[in-house]
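Before we start, here is the structure in question, set down as structure tokens.
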Amino acid sequence: MTMTTMTNPATVSTVPGLTAPTPTALTETKTLTMSKAINEGLRQAMLEDPKVVLLGEDIGALGGVFRVTSDLLAQFGARRIIDTPLAESAIIGTAVGLAYRGYRPVCEIQFDGFIFPGFDQIVSQIAKFHYRTQGAVRMPITIRVPFGGGIGAAEHHSESPEAYFTHTSGLRVIAVSNPQDAYSLVRQAIASDDPVLYFEPKRRYHVKGEVVPELGPPMEQAVIVHPGTDVTLLAYGALVSTARDAALAAADEGVSIEVIDLRSLSPVDYAAVEASVQKTGHLVVTHEAAQSGGLGGEIIAAVTERCFNYLESAPLRVTGFDVPYPPAKLESYHLPDLDRILDGVDRVLGRR
Amino acid sequence: MSDSSPQPVQLLSLDGERMPHGDFDPWVADLDGPALLALYRDMVVVRRIDTEATALQRQGELGLWPPLLGQEAAQVGSARAVRTDDFIFPSYRENAVAYCRGVALTDIVKVWRGNAQSGWDPYTVNMATPAIIIGAQTLHATGWAIGAQNDEVDSVAITYFGDGATSQGDVNEAMVFAASFQAPVVFFCQNNQWAISEPVRVQAHRNIADRAPGFGIPSLRIDGNDVLAVMAATRIALDRARTGGGPTFIEAVTYRMGPHTTADDPTRYRDPAELAEWKTRDPLLRLHRLLTLLGEITPEVAEATQALADAAAAELRAGCIGMPDPEPLSVFDHVYATPNATLERQRTDYAAYLTSFGSSDQSGEGR
Amino acid sequence: MIQVFKLPDLGEGLTESEIVAWLVAPGDEVTLNQHIADVETAKAVVELPSPVAGVVRVLHQPAGVVVQVGEPIVTFDIGGAAEPDSAPTPEVEDATENSAVTEEPSPTEQREANLVGYGPAVERGGHPQRRARPGAVAAAPSAPDPAPTPAKSGGERPRSTPPVRALARDLGIDLDTVAGTGLDGLITREDVRAHISESVPASDQHEVADSSGAPTATPGTQPGTERETRTPIKSLRKLTAAAVVQSAFTAPHVTEFLTVDVTPTVELLDSLRADRQFADAGIGILAVVAKALCLGVDRTPAVNTRWDEPAGEIVQYNYVNLGIAAATPRGLLVPNIVDADRLDLRGIAAALAELTTAARAGTTAPAALSGGTITITNIGVFGIDAGTPILNPGEAAILAMGAIRVLPWEYRGQVALRKVLTLSLSFDHRLVDGEQGSRFLADIGTILADPARVLTMV
């Protein structure tokens, strides 16, 4: 990442009459919503490196359907905040061309379920360029994806497609769970020379948290958000706070759950997971995505290989069902909640 | 300057006669005898390379080769118009373009031999490596062009693809973006009439060149076997892009004289009469006729050209056969630009596995 | 120089082709890539380009014949000396070889090319074989279980968890013989531990002090007839039996006896007990014997050795890991005190106490059971005077310490009641000869008879 002096960014705007005050970069700790934290992270990345450009539908004047990119167009101009035609494959494919020219494109996919038209460019092109060209061509592209359910939406707006991408070599996959990580990891993702799928839990966009303007621990690292001794509970995205709530409720019954926020889904921080499982001897993994072929299976297989003699019981997954994401009136049954997570904990601890 | 007339623009007749064309003539006025001879030499050499590579595949030295036989003028005429700071985004058949760009012959065949997924560093020749996914490269070219626009340089992206590719979503999306941003990109379609076994009429219900104006992109329809027309059209398009005029679509009407790839059998689906007809429109033949008329083809020239072709073929053969096989553990190289603990562990495990067989030879059996 | 050209795959994905026509004949000179034959695949006739420049020597198949891919079809003489990078081609009759053009067999030419590449590798046929690894086949990664006992009723494998299985393996317990008290008959850690402490001790075990250990029935005891009771040979009993058998019938045992008037030592111990500095040190006769033994080892190192038959070497230990035979709830164990020769009397006493406590509690660590170099067995606690102890396998000597008896003994030329103890030393005559064994025993006796004499020996 190149450090440039903070020049006055062009305030060219495509919308006549649009005058917004030029926001300053985050310089001190603030309480922010997750969407605002991402906004600040994007702003900081764009200030630091003139090669960072954003592409996506409605990210300019509208500031994105979740307002994550608000005010950036006014600050950085239409050449760096690009409202694209409605074509996901082209959003990703033109980002490839920009990366060829040394840009660091940040693509926004408006909703998780719309990533699939761009799937080929992500998997056949972006993921493979570095390998294909033996390192000559880099794809420092970040693809931001609001993901997950719990917002009572219509079809295709509540997907959890992360497993398709963790299964694709050449990609890094991140899922944030809180405003601090949202800020820090979007900056790290943009700065990384590898392509990064950056998943934002959309039902947590409005949750507030303290944000320190720092990069924080490396994005490959998982973080223990609630230490414990009886069972290891792995989560990511929106379910991290659900998992933490479950740990607090379980403490009332004398059960001590260690909650780990994976943050990085590819690669997984197995060192942290192993250390925890060696301590507790029990493992539960939870995700919204469907069970079969999901990340839970991969992680549990790896943990079984690495920590077999420490496992006092079989690891267990608490996940969405193997169904297409259900309609709004049924989604509460499908999504893992505190009770289902604790039910899983009970099973691994032999309490039921 | 849209041109959707049924007859593609031709500056050179089958007999080698120079046909005047008011709009195109100024763009090739500089091509004197020596310049035309240079183009001819290029085409002879690339044809010879193509033939040699086909033979090498028949001899088991290459896994695959996509012949460009018949498309020499389309590729050479356009490639020689492109500037070194422009960037080329080809499909997988533009090996004549790679040659013109200065890619070493051994590097051209590296990917077809299976030693690597690509043969050269794109930045050394400003040409991307062959693209197997049909049409994907057109988006890359458009993005590059948007970047050039942002950077306020007058470099242009040119992307090659075939008639079949124009059916792919990516190609159409690329044209949407190119038009919307008025990006400096040239869409160069070699309509060689066939996409494996599917004739072009399955892909397009009207001339392919007619599509682009629908997106707001002017198009040129030219005789792809006429190196003069190709060069003129490419120059027109490049100039338009350089001067802020936005994208252009060129349909070069040509013919795939060989199979789709070396494992294809066109006799199963093509009429031999069609092949015979296109043989009369051979791009080298008509340029040779023009050069003969101009007195450029002397015995010395003929001999020198032959020698050049032979030398290229020999270099290609030697380079291909002499290519060392990649080391087993290199399968793990360059997946990421940054370290990845899980992959490193796999690599370590596999290295230990290979070592467990005791010998220093790690190539294994039956590979 | 001869080169054989075998029919390559021509990219049609077929395994055979018909030679339609030869365009050359033996004796013809051909150039590289010259069209030398027409070969038919499916309905297409394909031109075969010559892979070399040279002279045609042999056409192996006439026109009209169907040839398998890989079969030789033409032999060329390419003339001249062999080039540095070319080696003589494989013999013509070796039909299983691959390409003939390049010298090293190119794996690609075994394959049938397809539209997009070399195509799948050709199956070799024959019995599948794996790639050989040097050395013996590696043992299974997990430690081998003890000899399998009959499965429980129903033929089900015992259910347990990975850590408990690992524990059972380390202790030599067969899970088939353990009753599970967990959910659905799961064998728990406690079940394994309970199983150990319930092992029936045999009648000739040595016990440490007042071990209570009322023998309870071993789980898994098969009821026999009224007149006899049967117990499966397993666990520690089995291991112990194997050990003593191996020791007894491998090492030639010699046992020597020495009866010593240990009254001065007893008096020394009394005075130590009365001394505030040593009162709580718990130094007893066994500690003194142990100390004396270590000093004796120093003077006769041969008793602290091992016979390494496979290596053909005698190993001289330069340290003393002193084993103390102990009766534990599990059975006879010989935990050892590491580097006993470095410990002072107080240290030895403390180590002995610790060892005893652990043995009684059944918590002796497995690590303590290995690495011993010489052993003491205290038969005196049973009121026994002497015996012919069997060497701990791998050791050269074992000293049995008898009970202290008050006996009439010679003292200063008179008969007096003295405290007397017999030492019985068995040693491996391969490693220790009579003189050495005697001297060693005599040294220990000397120290016990007159502790002050130590000054002359160190």
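We just call them A, B and C in the order they show up, numbering each chain from 1.
Just so it is clear, contacts are C-beta pairs under 8 Å (C-beta built on N, C-alpha and C of every residue); 3 or more make two chains touch, one makes a residue touch a chain.
This one's a predicted model, so the numbers in the text were calculated from it and none came from an experiment.
Asks: Ranking chain pairs by how many C-beta pairs touch, which one is first?
Replies: Most contacting pair of chains: A-B.
Asks: Compared with chain A, which chain's mean CA position is the farthest off?
Replies: C
Asks: So the centre of each chain is just the mean of its C-alpha atoms; given that, what is the distance between chain A and chain C in Å?
Replies: The answer is 49 Å.
Asks: Whole-Å distance, chain B centre to chain C centre, using C-alpha means?
Replies: Computed from C-alpha means, the inter-chain centre distance equals 65 Å.
Asks: Report, in whole Å, the distance between the mean C-alpha point of chain A and the mean C-alpha point of chain B.
Replies: From the centre of chain A to the centre of chain B is 40 Å.
Asks: Where on chain C does chain A make contact in their complex?
Replies: 161-163, 166, 183
Asks: Which of the residues in chain A come into contact with chain B in the complex?
Replies: Interface residues on chain A, with respect to chain B: 53, 79-80, 82, 84-85, 87, 89-90, 92-103, 105, 117, 120-121, 124-125, 128, 130-138, 140, 169-170, 172, 192-194, 220, 266-271.
Asks: Can you name the residues of chain B that touch chain A in the complex?
Replies: Residues 87, 89, 116-118, 121-123, 128-129, 133, 136, 138-148, 150-151, 157, 169-170, 173-174, 176-177, 180, 333-338, 340-343 of chain B touch chain A in their complex.
Asks: Sort out for me which residues of chain C touch chain B in the complex.
Replies: Going by the criterion above, the answer is residues 8-13, 32-33, 41-44, 46, 48-49, 51, 85, 99, 101-102, 106-109, 113-119, 121, 124, 131-135.
Asks: So in the complex, which bits of chain A are touching chain C?
Replies: 281, 308-313, 350
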